[in-house]
Structure formats: C-alpha cells, structure tokens
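After this come two complexes, each holding subunit A, first together with subunit B and then together with subunit C.
Right, the complex of A and B next:
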C-alpha cells in the first residue's frame, strides 16, 4: 500500500466547489431576476443548491477529519489560517458599514438639517434593550469560553451545558432584536439614519444567526463525541466567529446606538 | 471688530470669507446662514428685542444661496417639513 510522505491532505475530487459556485452565480443572477422580472424561481433554486452544498461539503470535511484522520496538525494549522483570514475579511466588510455611518453622521448634510439624529427620527434608547443585548452577548462569550475549557478538561456534561447556554443566549439576542425591529418608530427607508442603522445592525443580526447555527452544529457533534480534548478545531472556529460577532456588536452599540443618539 | 452691526450692514458688499467654510463647496455656508437667520429672528423676537442684528445672516445667505434652494426651504418651513432645527 503506497503511503504519502507528507502531512498535507490531498482531498479527493469533489463536486461541492462547483455546485457552490453555481449557486453563487444563480443567487446573483436570481437577485436580478427578482428585481427586474419579478421572478423568484432562480433565487429559490439557488438557495436550495447553496444549502445542499454547505451541508454536504461540511459533512465531507467532518468525515475526512474526524473519521478518516486526514486532519494532521499541519492540516489543522492551515484550517486555522483559513478561518482567521475569513474573519479578517468579515472585519473589512463591517468596516465599510461603519465608514458609511460615520460619513453620514459626523457632518450631516443640509438635506438632513445638518443634525444627527435627523429631525423626526426618534432613536432607540441605548440603555434599554440594546444594553440588555450587550450583556447577553458578553455573557455568551463567557459561556463559550467555559465550554472550551470543559472540552479541554474532558468534562463532557459541562461542555454540553455551557454550549447550550451560549446557543440559548444567541437565540435570545435574535428574538430581542427582532422585537426591537418590529417596534421601532423608523424603518430602513427613513433617510440616512434608517439606512445606516438597519444595514449595519441587520448584517450583524444575520451573522449572529450564522454563528448560532455554527455553535449548534458543534453541539450536535459534541453529543456524537466527535471532539477530543486536544483536537476540536471546528469548535474553536465557531468560538472565534462568535467572539467576532460579539466585538462587532460592541462597536455597533457604542457608535450607532449610544453616540449616534 | 470695532464696527457696530449697523455699520457692518451699511458697508456690506458681499459675503466675507468665513474660515468655517474654507473650501470651494459653499453649500454649508449658505445653509448655516439661512438657519442662523431664522434662529436669530426666533430668539430675538421671543425676547422682545429688535431683530436687526439678524439681518447680517439674511444678507449673507441671500448673497450665497441659489434662489431655488431658498424658495424650497421657505416652502418647507411653511409646510412644517423643514429638516433644520430653527
């Protein structure tokens, strides 16, 4: 039997990069079809294809790493770099929205009456639900760290409990934000205030949902005993992502909710 | 400034250089003086004082602002939809 004389993982041919690319193409053109031709078909199909791609690709990675042992420490290192670079790209993404917000709010244009918040906009009180949301995310950062230490210390039950708490806090945040959105007196089409507020907090909320799903997958994997006390990169990646989401919220809270009111 | 406001108004030729707005785009200069005229008038008439000093701002905004903008803002003020804080 031939052995490989290196620690890298030569992945078997896989269709998922192609289906992923196809779904991305269909998503964008589907968006154009939705906007201009009032047709939902393409975008609907592309979302199904995207979900199938994600499920099967990540399932394959789990099979390759956890069950087939392809994730040597070198492979794990490159996966770490990959996750870090992805999170850096997400930081760049949010940086743009913060730039927009500060551009509009530091020197408001005459069309806005040269004031911020503009006349007629009643901003949300930062020290009500937004402050609670800050506490929730900070607390979930603590619980996910607890989960990590439990994992490393081989206390399986504690890990399940603390990870579950983290997920519950994430869901609680999402529900509270949803309530705030429903009950706010302004919406996205209300001048630059509405645009900056809902685009920035909206994308953040989307990332909270993604992070919560990622953590939930980790919980399911932990219940199936995929992780060991020394090898659990999937969980670490989820925890890094979750901390990133928390930090973005802190910036949102201080800039948009607090300073911007 | 050793001139009184009456002297300044009498010697007015055009809007002088305003260091708050040093660049080519003078939109904010126009808007700020428009706001200041109405704020000044509101404040002084509320105190029961002659609003003559406010005339400076009126002269400046009339020199700087496009007429269509002034008409638009005046209409907005009448309809109660003016965005500025007067």
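Right, the complex of A and C next:
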C-alpha cells in the first residue's frame, strides 16, 4: 500500500465547491429577481442547492477528518487559520454597518429633525429586553467555556449538559429578538434609524442562528463520540464563532441600543 | 478523597451548596476527575469545575435577574405614538415583495402605522 510522505491533505475531487458557487450566484441574482421582478423561483432553488451543498460538504469533511484520519496537526493548523480569517472577514462585514450607523447618527440630517433618535422615532428601552439579551449571550459564553473544559477533561455528560445550556440560551436570544422586532413602534422603513437598526441587528440575529446551528451540530457529533479530549477542532471553531457573535452584540448594545437612544 | 484545587475554599463550599441544592451531586462527583498526564491541551485539573460553578452561580442567575427586571418593566404595556404623517417615516420608495407590498416583515397592527395611519380604528389602546 502506498504511503503519503507528507502531512498535508490532498482532497479527492469534489462537486461541492461548484454547487456552492452556483448557489451563491443564484442567491444574489435570485434576491434581485425577488425584490424587483417579484419572482421567487430562483432564490427558492438556490436555497435548496445551498442547503444540500452545506450538508454534503461538511459531511465529507467530517468523514475525512474524524473517520479517515486526514486531519493531521498541520492540517488542523490550516483549518484554524481558515476559521480565524473567516471571522476576521465577518468583523469587516459588521464594521461597515457600524460605520453607517455612526455616520447617520453623529450628525443627523435636517429631514430627521437634526436629532438622534430622529423626530417621531421612539427607541426601545435598552434596559428591558436588550439587557436581558446581553446577559443571555454573556452567560452562554460562560457555559460554552465550561463545555470546552469538560470536553478536555473527558467528562462526557457534563459536556453534553453545558453545550445544551449554551444552545438553549442561543434559542432564547433569538426568540426574544423576534418578539422585540414585532413589538417595536418603529420599523425598517422609518428612515436611517430603522435601516441602521434592523440591518445591523438583523444580520447579527442571522449570525446567532448560524452559531446556534453550528453548536447544535457539535452537540450531535459529541453524542456520536466524534470528539476526543485533545482533538475537537470543530467544537473550537463553533466556540470561537459564538464568542464573536457575543462581542458583536456587545458593540451593538452599547452603540445602537444604549448610546443611540 | 482530597484533590488539589486552585480555587479558594469559599467557592468550593458555595459550589457544593449550589450543586446539592440543584440536585447535581452525581454530576459534581463525575467532574472531579484527575487530568491524565499533561495531555489535555493546557486544561488545568478541575478548571471545568470552575466554569461549571460560574455557569450556575453567575451566568444563569444573572439571566434570571434580567428576566425579572424585563418582566417587571414591561408590565406597563406598550403605548403607541400618535400618528403624524412625517415624510421621513414609513418610507415607500419601492413596494415590499410580499403580501400587499405595503407591510414591513414584522408588521404589528397595533403598534405600526401604515403610511396612511394605523390600521385599527379604535384609539383607546
């Protein structure tokens, strides 16, 4: 049997990068079709393709790493770099929305009444639900750290409990935000206040949902004994992403909810 | 069985009390494992116990306190603002691609007015 004389992972040919790119193309053009031509066929098809791609690509990575042993420490190092760089790109993404918020709010234009919040906009009280949401995310950061340590210390049951607590807190956050969205007196069409508020918090909420799903996948994998006490990068990546989501919320809370009210 | 723990005695006692009162003695016992060799990616002995204690004594009670605070504060009920047809509110340059094109995604009939005014006639809310 031929041995590979290097520590790298030469991935077998795979269709998922192509289907992923196709779905991304169809998502963007489909969004334009939906908004401007009121046709949702393209975006609907692209959603299906995207979900199929995600499921099969990540299933393959799990097979390659957990079952076939391709994830040597060198490969794992590259995966770490990859996740870190991805999170950096997400920071850049949110930076733009914070820029636009401060641009609009630091010198409010005359048609808003030269005040922030603009005339006619009643902001949410930051010390009601938003404060609770802050406690939820900070608390979930503690529980996910507990999960990590118990994974490293081989206490399986504790890890399952702590990760479940983290996921439940994430779901609770999303439900509360949804409730807030329905119970606000302002909406997205209410000038720059509404745009900046709902786009920034909306994208953040989307990232919370993604993070919760990522953590849920980790829980399922833990229940199937995929992770070892010293090799569990998938979980670490999920935990990093979750901390990132928490930090973005803290910035949102302080800038938009608190200072902006 | 005495295990060298780095956290102060106070946390240990408090942790025991919390664990007992929450009926978690069984889990608590499982957590008190030795770390084998030094192969645990830098995890110190018992550090998961520290985070467990923090979860149940700080994180979750903190959430509980904020829940109580939020509940007490919102008992007053939502007051909706008077409808004034400001041009910078309820902007409709393009219609929404759902429903009748005039309602936002999270539209609330009681709290959100349409460009023409509130949908429900009655004023006493």
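For the reader, a short list of remarks on this structure follows.
One rule holds in what follows: the second predicted complex is superposed on the first by the 261 of 261 C-alpha atoms of A that agree within 3 Å, B and C clash if a C-alpha of one lies under 4 Å from a C-alpha of the other, contacts with A are read in each partner's own complex, and residues count from 1 in each chain.
Assume a residue touches a chain if its C-beta (ideal position, glycine included) is under 8 Å from a C-beta of that chain, and two chains touch if they have at least 3 such contacts.
For clarity, every value in this text was computed on a predicted model and none was experimentally measured.
Bringing the complexes onto one copy of subunit A puts subunit B beside subunit C with no clash. When the two complexes are overlaid on their common chain A, residue A:131 makes contact with subunit C while staying clear of subunit B. Once chain A of one complex is fitted onto chain A of the other, the partner contacts of A:259 are absent, as it touches neither subunit B nor subunit C.
Shared-chain residue A:142: touches subunit C; no touch with subunit B.
Which of subunit B and subunit C touches more residues of subunit A: that partner is C. Contact with neither subunit B nor subunit C is seen for A:203 once the two complexes are overlaid on the shared chain. Contacts of A:112 after superposition on the shared chain: both subunit B and subunit C are touched. Applying the stated contact rule after C-alpha superposition, one finds that A:16 touches neither subunit B nor subunit C. Rounded to the nearest 10, the angle made at the CA centre of subunit A by the CA centres of subunit B and subunit C in the overlaid structures is 80 degrees. Legend: residue contacts after superposition of the two complexes on their common chain; A:251 is shown touching neither subunit B nor subunit C.
Taking every C-alpha atom of subunit B against every C-alpha atom of subunit C, the smallest gap after superposition is 5 Å.
Across the superposed pair, subunit B and subunit C both touch subunit A at residues 111-112, 118-119.
Listing the residues of subunit C that touch subunit A in their complex gives 27, 30-31, 33, 35-36, 39-41, 43, 47-48, 50-52, 54-55, 58-60, 62-63, 65-67, 69-70, 73-74, 78, 80-81, 84, 86-92, 94, 97, 104-108, 111-112.
Remark: subunit A residues 34-35, 38, 40, 111-112, 118-122, 125, 127-129, 131-132, 134-136, 138-140, 142-143, 145-146, 149-150, 152-155, 157-158, 161-162, 165, 169, 178, 181-191, 229-230 touch subunit C in the complex.
Against subunit A, the residues of subunit B that register as touching in their complex are 27-28, 31-32, 35, 82-85.
By the touch criterion stated above, subunit A contacts subunit B in their complex at residues 110-115, 118-119.
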